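The structures come next, written out as structure tokens.
Heads up, the next two complexes both have chain A, just with different partners, chain B and then chain C.
Moving on to the complex of A and B:
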């Protein structure tokens, strides 16, 4: 009986969580008329790929995808590298002011990011970075949250492993690459997944720093295709296309992601 | 396994970095030739510069007014090219998404950057004017040049006696009835309600037949809910001198009407928080909505039912809501003369015809309204712009909405009377303007 209740509850929760996804995919196959009459009724009566054709017939859609890839993959890679390196240093190395430096970095994330927008805009304008990738890539090259996750994880690894390697004659780099990195891969993959989702889906920053439609990522490009009244079908088709890379990344890293979440103490 | 994945990603990373560097470095070239729309007529400019006294370049930001299938992009290219050949001023046109447009414009202006000309609506304009972010164009525009515009459009583009914007489009909302429901109710489409009392009688009839009479999207803008009734009752929210009028007896009548509509079931049950009632309306369960040109064109395209448009209702006055879209100049523009000239150029009769024909908004010049000669419904709506008030023209206009909305929602939930809702709204507005 207990099992029946828990499975029922889980099934209801699963439906609740999957429903927006179903509405998104089926909504993308709806004609304008049906989307207007009942946007939340999920079965399209005459499924059509017209909304996808509308998006792909925009001459520069592929350029938007490429822009999204560039401004996402580079920060994902660098954030993973910096998270692993700095996480290791902050977890295992002893140096003067270590805690103060770390918690100063952590304090920065407590300041609302909106406060930085105007100073950053002025700075980027001075650098000539408005309408370039630099404005979106450079500030995202590393993130203290990733460092925090790796540090938390590595603090749980016994010092004996490192000491044994030292006794065997390994230097710091060898220990990092041969012992620490393989061990911390799940949490580093988690950092990468979070970074991917956050950068790929970011609408606000590209919207502020970019005005040239050739530089738009998918999020801003799709928004720029929508008139004032919006178009439910096109919006849902755009959301579906935009969702695919995130989904693939999650599927690819799912095993590591789950491990990373568990081991880094995120609950 | 893990190390090999790192190696593969490392290679991918290197390729991406190199590609990004190449693309980012070459971006300056694309910017100069392909920034949405730019013009480059080269040597021909020098002659026109001499004749107009204008030179240099301006950047114009506007938004997607259509879904892009009706030639909007080509229209802007033509405008930019023609303006350059007429004046010698190069136009960099950039189309900015509607999303977060306030933040984008304000960030750029606060950083001393941004466009020379951009698009705003009336509730943004006074806010920008008070913060001295937009150009007072009174010195660049003569009374004669303004005389061809609809008076309500000029009213919506000026603040404290100064002209800040040049209006390019207008909307006028009016009651759009489902003809099939009218027929079922035995109501003649030529004798539709013109007053509140007549409308109430029809609403009662619709309710008895199992329909909702009207849409009330209580979670949306007050421009489409409270304000039209408030103005019709002879009331207002606040004036330029900060006198709060929302709890005056005439204004309270509009709160009472909304409360009556809800308690008697004339508007849908989710009206307290609904963002729209499109599905009920398009599904044939709702008698009438306050519709604009966009709703009418949607009805014509989708043909869910036959419809008829009636004039705005009248209580003390016959008024409705209709926005005005305008171009304003940046106060920090390095080329204000050219910015003002472009604003005049893009809102002249011929360009208004082109713009509004493509976007299906209503021109703000009477002599451009002939674009609707063969579109009777749009022509009918265009005739109502004289009744259309563009929201609350006040720097706090946008901030007032959520506080009043909360009081109306509490009223509809039965927690307070219409008078209390109006009084609490007045108190909240007072706090806002005296903070």
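Moving on to the complex of A and C:
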């Protein structure tokens, strides 16, 4: 009986959750004219790749993808490196002001990021960063949440390992690269996957710092298509392509997502 | 003589400290400078802005509490706060309930539970732009809209959805529930797995059925998770922007103008940066109060965390 309820609920919810994605993919394979009139137009008959040809023939779309890659990949890399380094420093090293510095960094989590948007816009206008990659890369070079995760993880690891290495004459850098980094790899990978998803999907910040269509990441680009009363098939072709990187990251690193969420929330 | 030895020992001490903590200084000093430039300074500048008129050219002019006073006379600002509260009401409990239901299903020993966990989590990693694009098409307010087509089968007349000032916010809340329930599911799933099996055994011996077991064991044992999830979804709901920007532009008739949408509109459409800064502080204070409530309760009850 319990099983029957479980499977019935599962079937209904699975359909609800997969439906939008099916409509997206099938819709992207449908002729332009059908898209607006018939709610069932996306059902799989006469697929065509016309919408994909349309979207790529407009060179700007590839440029948007490229912009997204630039403003995503660089911060992801540096955030992983800084999470590991700072996590190690705050977990294992002893120095003046350590706790005060760490908790000052952490306090920023309480501030909604929207509060920084207006002053940052003014600053970036001064720096000449509006409509450049800098506005989206430089502020994102490191993030405190990743540091927190690595620190939590390393605090749970006994000191014996590094002490043995110290006695063998290893210095901090060697200990970091040979012991700490391999040990904390799963957490650093978690930091990377989260950074990837949040930067790739970010709409708010690029919307404000970028006004030139050529500089848009794919989120803002797609949003501008949605706004232009375009046709659904082409929009869904764009959506499908921009979804592929997140989907691949998700498939390969799913474990890190679910573990990361649990780690950050419940200690 | 004594001065040279102490000088030597000082330089030796510095040398020793550098040897010991060189890595710390090399990494931490640039990070602190970065933190001051991109976090501390903007936070202060934003506060400064609320008391000044910002001009594109020339120095900002001090205007005291003008922008803060404007807030109290600005009906749309209050409407935006009210809309955000309404959005939270539509969004928080359903997201928690759906997340819990998904977690219970995944945890009930079904086959391919890993696959379904992934499916339910998929909207979380998908961008708002994609989901909003699909959602907008599903909820088209015309007769050929997909949802209107479906509800037609059970005899419901076509609805306006996003073009109706009484329904638009509900449709946006539905989008957020769909997008975020997967996160809630992960928290609840972790919580379910940490419940001691013996409690169920004991309840079974007492003759409890599944329904009773859920309400007397599972649900109360998840108390810390309920609390944590309630706080995070509440904080998230006050920052809602993307769907209002993408699907309704705050309309119709300001019915989906949320705090952050209004902030965006004031700042970057009306170029009223100082007033937008005031609105961002309003958001900050609301979220601060929620976080302080969280602190207070965690402090009180040792069972949390």
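What we mean here is this: the second predicted complex is superposed on the first by the 206 of 267 C-alpha atoms of A that agree within 3 Å, B and C clash if a C-alpha of one lies under 4 Å from a C-alpha of the other, contacts with A are read in each partner's own complex, and residues count from 1 in each chain.
Methods note: contacts are C-beta pairs under 8 Å (C-beta built on N, C-alpha and C of every residue); 3 or more make two chains touch, one makes a residue touch a chain.
What you are looking at is a predicted structure, and each value in this text was computed from that prediction instead of being measured.
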Notebook entry, point to check: So, does A:134 touch the first partner chain B, the second partner chain C, both, or neither?
Noted result: first
Notebook entry, point to check: Can A:2 be said to touch chain B (first), chain C (second), both, or neither?
Noted result: second
Margin query: Applying the document's definition of touch, where does A:226 land relative to chain B and chain C: first, second, both, or neither?
Written below: both
Next item on the list: State whether chain B or chain C is in contact with more residues of chain A in the superposed arrangement.
Entry: C
Next item on the list: Mind working out whether A:213 is in touch with chain B, chain C, both or neither, as first, second, both or neither?
Entry: first
Next item on the list: May I ask you to decide whether A:181 touches chain B, chain C, both, or neither, giving the answer as first, second, both or neither?
Entry: first
Next item on the list: Kindly classify A:69 by the partners it touches after superposition: chain B alone (first), chain C alone (second), both, or neither?
Entry: first
Check: Which of the two partners, first being chain B and second being chain C, lies in contact with A:29: first, second, both, or neither?
Finding: neither
Check: Given the touch rule stated above, what does A:242 touch, chain B (first), chain C (second), both, or neither?
Finding: second
Check: Thinking of the overlay built on chain A, is A:257 touched by chain B (first), by chain C (second), by both, or by neither?
Finding: second
Notebook entry, point to check: Shared contact residues on chain A for chain B and chain C?
Noted result: 36-40, 117-118, 121-122, 203-204, 207-208, 223, 226
Item checked: Contact set on chain A toward chain B in their complex -> 32-33, 36-40, 54, 58, 69-70, 73-74, 77-78, 80, 117-118, 121-122, 125, 130-134, 137, 177, 181-182, 185, 203-204, 207-208, 211-215, 220, 223-229, 231, 234
Item checked: Interfacial residue positions of chain C with respect to chain A in the complex -> 21-24, 27-28, 31-32, 34-35, 38-39, 41-43, 45-46, 49, 54, 101-102, 105, 108-110, 116-138, 144-146, 148-149, 178, 183, 186-187, 189-191, 210, 224-225, 228, 232, 235, 238-239, 241-242, 245-246, 260, 263-264, 267-268, 273, 276-277, 280-281, 283-284, 287-288, 291, 305
Check: Tell me, which parts of chain A touch chain C in their complex?
Finding: 2-3, 6-7, 9-10, 13-14, 16-18, 20-21, 23-24, 27, 36-40, 82, 85-86, 89, 93, 95, 101, 104-105, 108, 110-112, 114-123, 138-139, 141-142, 172-173, 176, 197, 200-201, 203-204, 207-208, 219, 222-223, 226, 232, 235-236, 239, 242-243, 246-247, 249-251, 254, 257-258, 261-262, 265-267
Item checked: chain B residues touching chain A - in the complex, by the definition given at the top -> 2-3, 5-6, 9-10, 12-13, 16-17, 19-20, 23-24, 27, 30-31, 34-36, 61, 63-69, 94-100, 103-104, 107-108, 110-113, 278-279, 282-283, 294, 298, 301-302, 304
